[in-house]
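Chains here go by letter, A, B, C and D, matching the order in which they are written, and residues are numbered from 1 within each.
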Amino acid sequence: MSDSPSLHMLREHEITFRVRYSETDAQARVYHAHYITYFEVGRTELCRASGLDYKRMEQEGLFFVVTEVTCRYRGSAGYDDVLRLVTRVVKTKGARITHEYALFRGDDLLAEGQSTIALVNRAGTVQRLPDWLLLDE
Amino acid sequence: MSDSPSLHMLREHEITFRVRYSETDAQARVYHAHYITYFEVGRTELCRASGLDYKRMEQEGLFFVVTEVTCRYRGSAGYDDVLRLVTRVVKTKGARITHEYALFRGDDLLAEGQSTIALVNRAGTVQRLPDWLLLDE
Amino acid sequence: MSDSPSLHMLREHEITFRVRYSETDAQARVYHAHYITYFEVGRTELCRASGLDYKRMEQEGLFFVVTEVTCRYRGSAGYDDVLRLVTRVVKTKGARITHEYALFRGDDLLAEGQSTIALVNRAGTVQRLPDWLLLDE
Amino acid sequence: MSDSPSLHMLREHEITFRVRYSETDAQARVYHAHYITYFEVGRTELCRASGLDYKRMEQEGLFFVVTEVTCRYRGSAGYDDVLRLVTRVVKTKGARITHEYALFRGDDLLAEGQSTIALVNRAGTVQRLPDWLLLDE
């Protein structure tokens, strides 16, 4: 993952997707752990929109590992709901990127979250983020 | 979920379980969202060990909904690892119970977490916890 | 789910979607059970494209339950792959619909499958399919 | 995975386990694809009971890949049900092992299934099963 003039990390990205039946639980809502999976999809798509191919990054021996995740549930989503997830980069430092998430159905905020990921190599050693991944202060 | 002299919420409970292949991801570790599922299993078993049959509680129209969850990853688990999860009740107030979790493989701490659940009825209205679910202060 | 002149079950429908990290396993492929979930998404979208709102159908007390599913794996999918799933209705009889599935990455056939679903009411009693869901012979 | 006099593949093995909340869906039953995951757990435990450490086998560069799976649903399982899964080896030939599964709650048969797995090396090349994995005819 070399520095590249063609790459520029977006600060915010939005995706929409539909809840699958497999993601619901016996309360007829999305099972709470799946929100954490949605957050990762949001993160992946923010990377892609920024020009970063995460799959290729792994093939080259660099990995993001999640070091912390939080979700606060404000409402609930159901089967077949169309959800909108806003992912934002809020902090970059050393090897770490912190994202914030807001999940909506229409204008209703269903959940908010935060995660921190760290860049490591195949041996698990923490790697400094390349400059283009750092937020301008 | 009536008050009952035969029920007494345990403050701490421990389970052990084995990682399934389906819980791993392409990094050959447990996918991070599954830790949140493990936490729920720990919570359920703490309830059961305290004499609370959560399945029956739902049939009677009372539900726990998760209002917040956090996980901090300290290490990683792999396929077939035998993990030990310690679940503790750390706070009870009004309709809410806060649990803390510590996940180990042998003596290695792999993750720590916290969740808050709230008691609601079928209509989603928040319900005060019965006395026996409250921690003695 | 009354008979309706505006509804006409399509015989075939195609969707494309991207593999999520959460769907991979330690072999760095999509875990085999997730293909079954993909099949359901294909089925749901074929229904939707035919004018059938399955979510509403459940709210009105009719449900499809899966009675049999088969998957034959011809290749493997990896993280971030864009997959194309072709779903076809191959048989309708009484309460049952049989679908066939073919999952591709580009032109490569990764898996083929088949499922049978049955229409039941809230009590679990089998219900005859409405005429518009029946294939013309 | 060398031939070893201390290893002998069992023809049948039984496990019991409890349904997790995360495995249920909005019909308040176990989501149908999870039965396929249960089957894998049954297969793994049959291997373990036979003296085969599948985790170590993968570390040594040999893998089982699923080539076909079928499940016929006879009933439904719910949250917290204690299920009993009987796994049997029914055929071994060349690189392939075929297992049959029967899933019970008490004496009720909930599902029956079958899978075929093939032994491959890291490059994906099919490998002949070692003699001790073959059924005596």
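Rule of thumb we're sticking to: contacts are C-beta pairs under 8 Å (C-beta built on N, C-alpha and C of every residue); 3 or more make two chains touch, one makes a residue touch a chain.
Just so we're clear, the structure is a prediction, and the values are computed from it rather than from any experiment.
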More contacting C-beta pairs: A-C or C-D? The answer is C-D
In terms of CA centroids, furthest away from chain D sits chain A
So, in whole Å, the Cα centroid of chain B is separated from that of chain C by 34
Separation of the C-alpha centres, chain C versus chain D, in whole Å, is 25
Cα centre of chain A to Cα centre of chain C, whole Å, reads 29
Among chain C residues, those touching two or more other chains are 21-22, 26, 33, 37, 40, 58, 78-79
Interface with chain C, chain A side, in the complex: residues 20-22, 37, 40-41, 44, 54-55, 58, 78-80
Counting only contacts in the complex, chain A reaches chain D at residues 21-22, 24-26, 28-29, 31, 33, 78-79
In the complex, the residues of chain B that touch chain A are 26-27, 32-34, 36-37, 40, 58, 63, 65-73, 76
